[in-house]
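Each chain gets a letter, A, B, C and D, in the order it is written, and its residues are counted from 1.
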Amino acid sequence: MRTGETTIRVRYSECDPMNVAHHSAYAVWFEMGRTELLRGDGVSYADLERAGVRLAVVELNVKYRRPALYDDLLRLETRLVEASFVKIRHEYDLWRGREKLAVANTTLACLTPEGRAIELPPVLRAHAEGQARPA
Amino acid sequence: MRTGETTIRVRYSECDPMNVAHHSAYAVWFEMGRTELLRGDGVSYADLERAGVRLAVVELNVKYRRPALYDDLLRLETRLVEASFVKIRHEYDLWRGREKLAVANTTLACLTPEGRAIELPPVLRAHAEGQARPA
Amino acid sequence: MRTGETTIRVRYSECDPMNVAHHSAYAVWFEMGRTELLRGDGVSYADLERAGVRLAVVELNVKYRRPALYDDLLRLETRLVEASFVKIRHEYDLWRGREKLAVANTTLACLTPEGRAIELPPVLRAHAEGQARPA
Amino acid sequence: MRTGETTIRVRYSECDPMNVAHHSAYAVWFEMGRTELLRGDGVSYADLERAGVRLAVVELNVKYRRPALYDDLLRLETRLVEASFVKIRHEYDLWRGREKLAVANTTLACLTPEGRAIELPPVLRAHAEGQARPA
């Protein structure tokens, strides 16, 4: 199983009055992790969209262990752990140095622009098979 | 178990190129639901913060069933389902008319401004006990 | 010149470590003001988009006088002050009670989905003429 | 006058149903530009905040010329153009390759945590004087 890494600098606008990154920002970072993992296989999500493929998040689960602070330089590990005909599952670990700040997973469904479920296109299937046995 | 209701108009800036509300926006809406549930008991989260109490999200789980669209008028049901000495658990159902768009739950931990876990203050305990048996 | 009013509750996620609403949130609120002003004339921006009309912000100017705080209930006044064949100009005043928190203006251009400038469609022209003399 | 450069990858969540970056995202990017310009002089805005200094945006003016698209790699030029006893003015040019997408400027005021205007602290004054003649 291959792992993609993304570096994230915590933005001021992502932080809230508790002086920590707001918990909704993590979902944005995980999406960046997925984009970079695809890019590492030469696949552009922007191109997929232009070809009529949508990947919709159908499930999100996050455990927040320690807060991320403004200006922190974080390291996000993104793993594609499972792919079926219509869905892809990723897992995430978010690190600041050796501290694990959060663990998470998401499930994406492959859709037409009108929102109908479709099979993963060949380029996504190849991407998934390079990293995980399809279910 | 009491239920709070919050009306949410989907903002243009919350929608993405798939023409649907971005999945990270839901975490913001759930937070609005918690704030309104507190307000219904005469408790202001802004006052709690001024008194040195922080409620940090330590877990978030969302299942997205159908997309929310720009300008949709949504109804969010928020339930406080469990409270222990240091944590509070909520459940959420998000509706557009009779369509259930998403179900979710969160766990909050009570912290000092420095991030140390503390017991729920009396006003929060009373709020929790009015709606759920403490664990 | 008619004025539309929108009520805005400041969200926790819109606030930053200075304990005030982040300055980028105001642009989102002004957009809500424009949507509500249109709705007051029976025009849905969502319908306009489905009909192939885009309104792109080409200029934004904001003066921030006093901070908006978490949970504040604000009142936004939105005025359509000028319309030409292809552009619409709005002005905004943001209030908390009798305190004026910000003044702003925006200019929108009417575009095709591909980004080419086009004349305002009749429904937008009627909306504009009801509130301002076209330039 | 020195210029700082920041590279920005447009995030999916920053894009709206027009398939372009939402105009509110630019304010976030300009803030990143200011942070990086400070960092280039060895000044951390996070440290300034811990020392009790706040820099509040009191004015924002943006002209949007061409849209930024999802996954675009943009280059932001940030210039500190003027500093008085209590305010700092920056100018911005946002580029995609040789296309200028937007020009903007902001004015920041130096405040105490309670929101009272104060003189720029020495470290900020040195930063400003290195790049612009104080007004």
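Simple rule for what comes next: a contact is a pair of C-beta atoms (placed from the backbone, for glycine too) under 8 Å apart; a residue touches a chain by one contact, two chains touch by 3 or more.
Every value quoted in this text rests on a predicted model; they were computed, and no experiment measured them.
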Angular offset of chain A relative to chain D [C-alpha, multiple of 5 degrees]: 180
More contacts between chains, C-D or B-D: C-D
Far-end chain from chain B, centres as C-alpha averages: D
Distance between chain centroids, defined by C-alpha means - chain B, chain C (Å): 28
Rounded Å distance, chain B centre to chain D centre (Cα mean): 33
Between chain C and chain D, centroid-to-centroid distance (C-alpha), Å: 23
Contacts with two or more other chains, residues of chain B listed in rising order: 12-13, 17, 24, 27-28, 31, 49, 70
Graph class of chain-chain contacts, one of line, ring, star, complete, other: complete
Chain A contact footprint on chain D (complex, rising order): 9, 11-13, 27-28, 31-32, 35, 44-46, 49, 69-71
Touching residues (chain side chain B, partner chain D) in the complex: 12-13, 15-17, 19, 22, 24, 70
Footprint of chain D on chain C - complex, ascending: 17-18, 20, 23-25, 27-28, 31, 49, 54, 56-65, 67, 113, 115
